[in-house]
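Below, each structure is written out as structure tokens.
What follows is chain A paired twice: with chain B in the first complex and chain C in the second.
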Partner chain A sequence: MSMKKILVVDDGITMRLFYREVLEGAGFEVEEAANGVEGLERALLGGFDLMVVDINMPKMDGYEMVRQVRGDPALRAIPVVTVSTEEKDEDVLKAYTAGANFYLTKPVIPGDLIETVRLLTGVATQ
Partner chain B sequence: MALINAGNRSKTRKTDTTPSPQPTKTLETLLEELDSDDVGLRRRAARDLADFPEAVPALCLRVATETALSVRTVLFTALIRMRSPSVVAGLVPYLRSEDAGLRNAVIEALQDMPEEVAPVMDELLADPDNDARIFAVNILSALPHANAPHWLVQVIDTDPHVNVCAAAVDCLAEVGDIAAVPHLENLSRRFADHPFMQFAVTTAIRRINGE
Partner chain C sequence: MTPLLARFLPEARDLIQVAATGLLNLEKNPSDETIINDVFRSVHTLKGSSGLFEVAALTQLVHAAEDLLGAVRAGQIALISDMVDMLLDALDQVSLWIDSLERTERLPDDAEATSRPLVTRLRGCCPQSASKAKATTATAEDGAADWLGLLPESDRLAAFAHAVSGHPLLALHYCPDESCFFSGEDPLNLVRQCPEMLTGFIVPRAQWEPLDSFEPYQCRLDFLILSSAPRAEIEHLFRYVTEQVRIAAVAPEHLILLEGNSTDCTVCADFVAAARTDLDAKDFNALRRAVDTELERIDSTLRAASALRWLNAVLGSPLPNPLWIGAMVEAIASGKPPCFDRATTEPKLNTPPPSPAMSPLFHRILGEQRRVLSLPAEPDQIRTRIASVVASITNLLVSAGLADLTETLTRASSHAFEYGSPTRLLDLLEEWERCGPTSIPAGKQPPSIAPASPGGSVASPEDAASERTTVRMLKVDQAKIDLLMNLIGELVVSKNSLPFLAKRAEQVHGSREMAREIKDQYAVIDRLAQEMQGAIMQVRMLPVSEVFERFPRLVRDLSRKLGKTISLEIEGEETAADKSIIESLADPLIHIVRNALDHGIEYPDERRASGKSSHAAIRLKAFQEADQVVIEVGDDGRGIDPAAIKAAAIAKEVITQDQADLLSDQDAINLIFHPGFSTAEQISDLSGRGVGMDVVHNTIERLNGTVQVSSILGEGTVVRLSLPLSMAVTRVMMVETGSQLFGIPMDMIVETVRVPVTAIRTIKRTETFVLRDTLIPLVRMTRLLNLPGRHRDEATNEDEAVLVCRVNGSPVGLVIDSFREGMDVILKPLDGLLANIPGYSGTALLGDGRVLLVLNLKELL
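Right, the complex of A and B next:
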């Protein structure tokens, strides 16, 4: 079975490196983008099984990126996990309303991220 | 507008320096045009109001309601040109805005006025709201000010919230020097049960050491 390919979109370089280490360690292939605009461009190149998208980013924030993903016939079926420092109910609701499949709160716990990505990509949990 | 001193309303500016003479507009006219339905008129008014320091409160209010991206961009360009403590005071409240686009634009604008932002930095970093402190740290990420690394070290030494400290660590990896390393090591001990913080501190120290 080929490796599932994950796009991580976050303006923090340390965060992107963290996602890469955690997800590659769990057997996923990872590509990175530093904001929503770059993330959409990467996504449109195709081949992604899931996106991990930060909410607070310059140029295009996570909410807008998810809305654009859901509005694009080529991308709308891809599961999206949004990640944010904001944990208020209205923030979570806003992400789901935009089209997110799951919402994680920072600081991300590696096990939670791996299990969520496995669940949404159909990879059997261990 | 109540905020505008009536004595300043007669001030005018030349809107162009090209050979053909351009009409001059008063502050009052430009403020009216800033509320026009015509996007082009609003954009030109925002540009021309940069010559009127008295227009700062109106320009700062307008950034929150302006719907045209091109006008909003010109509003921020004007405010950056006008940089002053009153511009900073007018923009800082938007760090709490739910509009991420506005918030990001404010952060970028404040990064362009380091000398004016510096006097309020301690206050921003002491905000009771965690997210507001993260946005203050985001300002520091690209603030060309000699004290920026010191503020970041202050955050990792004292801030109680893991995400605020994580944001500061990310910035220190970019702008910190070897003096920050003992503070990063202390932070790692303070948040010993957070895997991301352990990773972030290790990464930051490696980057500071040029690895």
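Right, the complex of A and C next:
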């Protein structure tokens, strides 16, 4: 089975490396984008099985990016996980309203990240 | 060092820089949303990234800064200078920690202690809602408070009435640290500030010792409080003692605790019978009347009376809860405490324990999909949402080895799609959540479904988007760039041999065609070489903002320290110059700016007295002028007084009175470049001791630059630094003297003239000539370099070739044999045995392979 491809969108370069290391270590293919605009560009090229999107980003925030991703018929079904330092319910609901399927809170625990991504891409959990 | 940490350090430094710069801008333009957003996001990102490492102190500090910035961003508080100071201090501290992380990969041991006061200060500025930090939400939620029974019934009844009319109710149990008095805490005062306190109660902690062994300086009291303030406010109030406070939400029925003497239950038998009838008939008014009558009838100290009072309170609430009433009536009947178990909330879903195969995360994600679906949505959104939820759940099932169930899901989802309504899907999810999807036999098939099949190839991670961010990170050892530049320099020089080759092809080998081809090739190589040279110079070019960016902070901090109000204007920070120039500019510039702040600019009183605005200005301006980069530091301060300079110079025996009388005002001002000169009456700690403008002067001279000071007394001073754009390429003029070629740096040369021999006069054994009314001394190169003079026929009245140079500020004419062309060369310093020979600044290779010695006239003359 081909490797599942994950798009991670975060303006923190360290966070991106973190996602890459954790997810590649778990056998996923990872692509990065540094803000919502780049993330959207990337997403529109297609080929992703899941997106991990930070909320607070320059140029275009995570809410807007997810909203626009959902606006593309080809992308409307891709599972999207948003990541934020906020855990207030209103923030989560805002992300869901924009189109996210799940959320993780920073600091992201590697085990949770891997399991979430596995569950949402249909990769057997170990 | 892990790659993650290695990545984090430069990112953190960048973010700190962005935040600090932004803060300073923000202070000037407090309403600029872009800046506050940038600052906030930098700090936010920094916090997010730092969370990946074991640096709790750092994260806490950044978090506190973020909260404060968040409040500013939300417009809850205005940013004042003191806050900027605090934030800058915090950033400085984080910077130090980043350095420490780089050295030792951990924070210093005292990090926690260092962080705490900073965090406290930052949090102190936060308005209440913004400081709702995670630290405070950690406050223990210990279920219902267990001490409610300690409160008198009347208080509980009042609180109950308050709670059932829709107010939140929190129970606080505050156990101050025993030694809290020594850490400056005042528990009683803190408790008194508690917002919307309904009732408070102080109880002794444990059993107190007898008076003679009692320790009065220890806090041995607990505080019990009921408040209907929002949780955030309470948490804010107790934010410094979070670990000593337990906050619990109180449901109204928790307050219903019966007291009094228990009696024979039959006392109220008649009432109970009547109450049950009323309850069945839902006739609360009749029940109320019955309660009133019964209360008058029985002894008020009885337990049953207490129950009746509570029943009364329940009935008196705006929406009497029949279940509570029933429970109270039963309590009166049985003489036991009321049982609200069934009555408390709406029936909970009877969720069976999740199967061990399903992780908590599986259930969480499944549950969240239900939440996503139940959110209100536009009609066109709902199908999109169903699609993503179905895809997510399909994957979830496949991942958990429940692929069989996807069929059921598909059926429900196609219905949902068809009708644009997620109801069927929601029902299915609810069912699964209640019973666990495993109740249906799990599939044995290997996972095979992936809704979004990985399609065509997508650009690799190394493509443009990620490159854009790594460009800033590219750090190359300067030696590599220097090597590259040397190589290109040699390429430039060796291509110069091609025209010679072309000439030889034509003259020696008689092939004009070959000569033409070589020349054509030369033109191409020449262009490429020049472009390469330009490109490599560009690599070494840095904008002066590299140096300028530290000044806003410097000026701000120093002006506050000095008590002067000074604004800094920066202009032309994008002007670029060679890295080595930019780097060596920093120290002289700091010195000049400090001088201006310290000595140049007057105190506000003095400024007002002389009719100026009390607000002083310093201007840093950079621009390119010909092949020089010019940096001007101007202030509108008191200016330099030539008379004062002269007096000081005489006092310091730098010059004599006679000399002073001859000096023009400008020359007097230039005296400040004299070693060890300082006019300030008192040496402050700003400009340092004994280090004056002479250091600036020397540094700039070493870079082949010049310093000029112009000043108007009472109006201000401008210091102007002119520096070559690049030290890599030097433009020299070739001259021939004593049958040899020498190079003379073009920036020394003023002009070239031919002087008739007859116009040369000898004054005091020095040959001189007059150029436009100026007497210029002549120096014969051959004599200077000790070369054999050219054989000259005495009779011929030839002109002498004279190169007029400006050396150490005064003109001098160099007599040479002939002028040759000017050219760009890469100057290489003499090294090895030759390194110590004075008079030469270096060597350069000529196109035909010869070595050109470039003279250093300052040393020669």
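Definition applied: the second predicted complex is superposed on the first by the 126 of 126 C-alpha atoms of A that agree within 3 Å, B and C clash if a C-alpha of one lies under 4 Å from a C-alpha of the other, contacts with A are read in each partner's own complex, and residues count from 1 in each chain.
Convention: a contact is a pair of C-beta atoms (placed from the backbone, for glycine too) under 8 Å apart; a residue touches a chain by one contact, two chains touch by 3 or more.
Nothing here was measured: the structure is a model prediction, and the numbers come from that model.
Asks: Report for A:Lys106: first if it touches chain B alone, second if chain C alone, otherwise both or neither.
Replies: both
Asks: Let me test your reading of the model: by the given contact rule, A:Gly47 touches which partner, first (chain B), second (chain C), both or neither?
Replies: Touch partner of A:Gly47: chain C, not chain B.
Asks: Could you say whether A:Gln68 touches chain B, chain C, both of them, or neither, answering first, second, both or neither?
Replies: So A:Gln68 meets neither chain B nor chain C here.
Asks: Mind working out whether A:Phe18 is in touch with chain B, chain C, both or neither, as first, second, both or neither?
Replies: Both partners, chain B and chain C.
Asks: Check whether A:Thr116 is in contact with chain B, with chain C, with both or with neither, and answer first, second, both or neither.
Replies: After superposition on chain A, A:Thr116 lies in contact with chain C alone.
Asks: Chain B or chain C: which reaches more residues on chain A?
Replies: Counting residues of chain A touched by each partner, the higher count goes to C.
Asks: Tell me which partner A:Thr82 touches in the superposition: chain B (first), chain C (second), both or neither.
Replies: Neither partner.
Asks: Residues of chain A that sit at the chain B interface in one complex and at the chain C interface in the other, please.
Replies: Common interface on chain A, chain B vs chain C: 12-15, 17-18, 21, 56-58, 85, 106-107.
Asks: Write out the stretch or stretches of chain A touching chain C in their complex.
Replies: Per the stated touch rule, the residues are 2-5, 10-15, 17-18, 21, 30-34, 38, 41-42, 45-49, 54, 56-58, 70, 76-80, 85, 93, 96-97, 99-103, 106-107, 112, 115-116, 118-125.
Asks: Please give the residue numbers of chain B that touch chain A in the complex, ascending.
Replies: 100-101, 103-104, 107-108, 130-131, 134, 162-163, 166-167, 169-170, 173, 194-197, 199-200, 203-204
Asks: Taking the touch rule as given, give the residues of chain A at its contact with chain B in the complex, in rising order.
Replies: Residues of chain A touching chain B: 12-15, 17-18, 21, 55-59, 61, 63-64, 85-86, 106-110.
Asks: Which of the residues in chain C end up touching chain A in this complex?
Replies: My answer: residues 3-4, 7-8, 11-12, 37-38, 41, 44-49, 51-52, 359, 361-362, 364-365, 368-369, 371-372, 375, 377, 381, 383-385, 387-392, 394-396, 398-401, 446-447, 449-452, 454-459, 461, 465-466, 468-469, 473.
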